[in-house]
């Protein structure tokens, strides 16, 4: 069922390496405007390629498409294996899209070391893309880890906060801590495959290939162990409550561009969907795992929302709202039914527009007031009506107003949660209420009412570049909100395959002697 | 021509040293030129060696044997297997780069280069010795030049330099000397290093001599000894002789590795040494320990190794955590790197202790990888020291504006040291983890946490070196701009990243050396014969068995049974 | 028949005597003489064993020792003369410049 | 014909949507005239479409289901953007588009010269779109889109004067409180999906029989939570009076005529489920009755003209709920319609008053306006009479039908509540009328100078609404229980628990209701017209009750104290928790690592390092002593050699003896 | 008879040895040493080592001792008042004790061993000198030559050492 559709032209490799090669090319440029233009051109080409992939993608199919596979370290079963299916292909587009916007945003907001910044940004794009398109666990891990480097420097060198060094280090250490555990988990998968393969006399004795690992049964206790190990990696990255404390710091101290990528691309939860659940279906379905993870998710929903309620800093608020949203995603994922998975996947994409969009808004605010603290705002709508409008549109998407993309995802998640266990959904619904409360309350205090004392009188409304960002985000938000069908069609096949895998459950049945005899 | 590669590699530095004796210090370019060309010859020959080594054939290749004393059974027996080859390559790369790193040494440059060449040559000699006598000979020979290199061209710690008052001077020479952790003179470091290593070398020597005596073969030849020496179960002193020998050899050589708690010499030594020496020392000299253990203990006492290796597995944990912690706390660039090296050597021991194809290959690759990574770091720490004349982290900072190239390379070095994917360290790390998990899960967990720790202290160092506010005192510091300055770093980065992305040949070579060794130790024919992976390289085809792998795996496509193995 | 032990005993006593001479005399020349006594004691020993073990190696060695004693005397006395020239003394206590 | 109807149905929401897009994106480019023409024009076109559809349905009597496109799908879930137009929808559509059109027209005059003129009409049209989706949707999710959409528009329009703090706060409050209800509604949707595996009305109602009573009760209660939020019933009514911060047409359209009735619509739409859950029905009825009375009492003493009307709205909605709760669905819808007419009329008239007084809303600063703005006065009076329930105006018929239904079905308590509520309604409405239009003028002179009758564009719609208020009840609902509306809605809401009452009883009840209304009027007439000081005297006399009512039973304060403040405090506490405990743990781990490294370094320094150094130092000391051995004296050396020899001899001897 | 001669030679040589190390006047010491050498040569005779006896008398007593006496006279040393080291008692006590211990050991030792190939009868057949000569120039030729070279070296060394060094002024002056 999950056969690979191999296209002739290695378009995924092109997508993958275009930004980093572009970054190297930027090295040669000196003129700052030239650097900006080139970076924009690169990201635009990347976006065009991604759109091409999306257009050529065969929807309603679970197959790995545009697959490329080159043996890398054959002896260990490591290969350079790329491919996209319904789960990952949207992220490719999203990454490319956000990268363009970040470059556009950074055009005049980044004033020092522009070249280096753009290079870091492009490198980050490559690594992020790599995470999404890798089908080999080691390759995935490679990009997963490499991502830390540009992120670290983006936070450290271009962050606005005083604590940015601390935040950068915290981010990197936190993520690394999780990912080393994940590495162990990956190694265990490999070992398990090796044992299975040597029992069944197949050619490949070691493999890190996702598709091959899927074919090997894993004993239950092993699955649980691996699940938790991988959980560490993904949970730290996601971040899932209570592993989240790096996020507010990183988002607050880092530059907006970095925050957009960090908050917009839900790598951790993608990891769950891509690796944990399909590879470890039995563990993912086990009572303890589901309960623990979902309870964490529910805690995150409420905790994040309540925290967001009292944050005076908009970026901090966004960080906690992000945590709250991740709670939704986790709950959806571990509802382990069609709607839950689909909703989570869609929500991951959605947040790429809405949360990322709010960070852009925060950036717009920041570039006007040099702060995202509430004390710097008040009655801004009078001064910057357009900004206020887009703020509201994107914000409403983030709280899941019907008609915006947020609703579709959230609705599916809640539906899935209800299907799984009614109280999952019942608790999660509370998040919807508080979600509206924190956003609107902040919006009210920042944007509405009489013009605040600290608000500068000579404040301009959105510039052209900012308009481009805001409008394109809004268009996407409304598109997915009103006509999500193309997106749903793309993901349906893979989600169905995932659900089937979960339903058919364990492959460990193969291990039983009867099955052995049968063959 | 090709079969004499080992001789070129080994004797080119010696010849260079001899030639240097003839020239005067007043012609610095000539001095450097001779040193560099000697190193270059060695490098070219080792690259040739590395790529000419036939991993399919395996075993010891390029063997040269010259009788030295027939009565005593000593001969200059040279040869490399899959384990020695990459290490020889690493040594000559570090020698070559070390020459360039120390390009700007003005004080007695000739002598410096002579000793550096001898040091490297001796190191290389160990990696290719197939004779216990010469192995020990080169081993000791590599220790002695360190004394001079440290004592003459080394640097003092900050605290030591600050102790200029009468009180401090008194402290240097009194009971205070006992607690002089942060205030070492280079002489102290040199003395400590040489005495420590010599003392433990003597233990190793005793082991070697016991092997010689009790094997009853009247030969030091490893190839003969490993086939014919039967040292098992000779009762002595309440235990068996082989265990005594093993312990002597293991700890004797582990001191240079350095295995906790025998590490105390190493950070001091690294810190005091000039950059090139640190590079060579941390890069390859420490690997002499592992290599010698593999050569002597693993080859000659396989069964004992199997029994006793858990010792290493226990100690390596301490090594990793302890080194990491101290590195985290250290305030001196080279101390940080030094302790990080001693921490990282714990990974190698872990890989060795698991006694498994993957993990031991990982350990060997880690040695190679660490040589490059730590070489880079020391080279750059040396550059910073040359520019600022201090290794004190708190007083440094903000240098990235002054030296963007160096800071960029430093990042790469740090990443390599952490084992960031894309560098060969990552390959090694993952192999060690994969290989050791079955046997030592706890250690693996400690090891991966050690990675986090590594990142913590390296990033901390990076920050305090290159970022933050800059001390105006160092405003004259400048970047590496000339080719000569950049070349060594670029070479090491290229090697590290190159093998990180294309590790196939390295892996094949190492596997060809490791496989027979492990087979000897575990006495089990490997299921995973590396033959599968060796021939095929970079092919885009998918093996037939795995082409259609279903997602729903409880209904898999029947996998083609392999007829040649199993089923009997 | 005189037992071998007797010769050995005589040689031992002579050796000790010579040794004491080396240890306690201050005059360098006497020290040298004491060395001669020790050499003689050794000779007695060698010859006695040679006789009792019916081998000529002992006698030959004794012969060589005599030759060495001659050489020793020549060099030693020469040194004494050189030192005496510089120090106007043959007192060994004054010849301690080689100490740490 | 059916195809044409389908097309018309599809077109209904599209006209306002196009107006939204045009005004929203390009509104700043063209004149206000263009903007408002687009706005009311589009609503008018929709209204025409509705009429067309209505005609078709009236003719054929069949419901139309139109699928626009697949919206959300995957797995076993398919949600279409689809419309279901049946008689109930038709009635709602007529009200929404009809009243909406009138209010749009009215707004042209009322909003003339406002800064955000275009914005206002954009929001209004957006509201129309949402409301249309709400009533037209063929499944719960489309209903929910409209549901939240109208909530959003309500938010936007309440916050229309966003630079007023009170408006901004009211807007937020409206949204958040609505959101609480929406959450309940969402839960209901999920429960429905879990039970029926579909969300389409037709499919759900087809299988509704298999539902257990408990589940039905659960679903019904969750739906009720949604309805309570949207329709401003107790305990979630508090947002509606605050919502009067919006412009008056908004209050008329959204907070009186259409949006707030969505809850009623929803309950009626889901009557099949409610019918299965008697407990839930009782809850609905009592919430409705309670709210009707409760809000009416508050309305007695309010001094803001719009607030009085707002509480009256809450109260009237309570009647509708009451109607639903006792199964009088048709009556509830009937009241919904008549209420739409007369409450819109009242609000618009009030708007006209406010317009005349340049924005003054406090009735204590009005008085004697009947001469100055006679048209407004007359129309307001019609509205007041209609709401008070005096025949033959619209309000009487619908309200009486609900009360009669309650009486006939033995819900005497509810009947009693409703009757008291009716008395109070009549009283406060006429109080409002008297205080505003009679007596002496209490206006300040500045305002008084500018008092003027509203322009035709405002009065026109008022007249239309006045007409509807006058005859709407007779037209739609006469004779009681058997009017046109009942026949029309019959197929949809069924005739659950029809209890045919005798004509005598019906007439008796009518008389009683009329009497109650007249008593209320009389009281008001006496207190506020004949002897005005009585009011103040009574206020003095019952100052405790008066203050309580004045402060709306302190409900807002209680909510603040019980929910909002604890929530914020909980947030603050969690923030503290996050910073100190969670982050503290992380920092603690870091600190541990730090301490660990410090400890390790200590060991390194004072044990490993110093240990080695002690060996070295021992050597050093020994050498310092030992070098004395190197005395340079030959005899010393010799002595040592000899001693060594002796030792060696001893060792040898020892070994030999061994 | 032999025992008597042995006792005589032994006792006298011991006595002469003690005198050699204990007399004050160096010349007297030299004379005592002479006596010692003579009596030791007597012991050699008792042991059938006639050649060695001759060498002892000729080389030792004749040549070496004369050398000593020459030097003594050359240096013209006076008898020294403090001719022992101040610390001689430290040495004397242990030395005497140790000596007694060694003596006891020696007297108790059985001294067995592998017999050589030249029993006394064989030596007496052609005389000791012959036997020694044959042995020396066959088996021990190399050692003999080495001793010869050694002696040559000693002679040269003695000459070099004892030569009066030219004063530094002379050296520079000649240049």
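Letters A, B, C, D and E mark the chains as written, and numbering starts fresh at 1 in each.
Note that in this section contacts are C-beta pairs under 8 Å (C-beta built on N, C-alpha and C of every residue); 3 or more make two chains touch, one makes a residue touch a chain.
Small disclaimer: the values here were computed from a predicted structure and weren't measured.
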Steps needed, at fewest, to go from chain D to chain E via touching chains: 1
Pair joined by more contacting C-beta pairs (C-E or A-B): C-E
Chain ID, smallest distance between chain and overall C-alpha centroids: A
Intercentroid distance (Cα basis), chain B paired with chain A, Å: 40
Whole-Å gap between the CA centroids of chain A and chain E: 101
Whole-Å separation of chain centres (CA-atom averages), chain B against chain D: 71
Distance between the centres, which are taken as Cα means, of chain C and chain B, whole angstrom: 57
In chain D, residues with contacts to at least two other chains: 635, 639, 642
For chain A, residues that touch 2 or more chains besides their own: none
Contacts with 2+ other chains: residues of chain C: 19, 23-24, 93
Chains grouped in pairs wherever the two touch, ordered by label: A-B, A-D, B-D, C-D, C-E, D-E
Touch list for chain C against partner chain D, complex: 19, 22-24, 31, 92-93, 95-100
Contact footprint of chain D on chain E as seen in their complex: 85, 91, 94-95, 98, 102, 105
Chain A residues touching chain D - in the complex, by the definition given at the top: 170, 174, 242, 244-246, 303, 306-311, 337-339, 342, 379, 381-382, 396, 401-403, 407-408, 411-412, 414-415, 418-419, 422, 425-426, 429-430, 432-434, 436-437, 440-441, 443-444, 447-451, 483-485, 488, 491-492, 495-496, 499
Residues of chain B that touch chain A when the two form their complex: 358, 411, 415, 418, 420-422, 426-427, 430-431, 433-434, 437-438, 444-445, 448-449, 451-452, 455-456, 459-460, 463, 467-468, 503-504, 507-508, 511, 527-528, 530, 532-534, 536-540, 542-543, 545-556, 558-562, 565-567
Chain C-facing residues of chain E, complex: 2-3, 6, 10, 13-14, 17-18, 20-21, 26, 29-30, 33, 36-37, 40, 43-44, 46-49, 51-52, 55-56, 59-60, 63-64, 67-68, 71-72, 74-75, 77, 80, 82-85, 88, 91-92, 95-96, 98-99, 102-103, 106-107, 109, 111, 113-120, 123, 128, 131-132, 135-136, 140, 143-144, 147, 150-151, 153-155, 157-159, 161-162
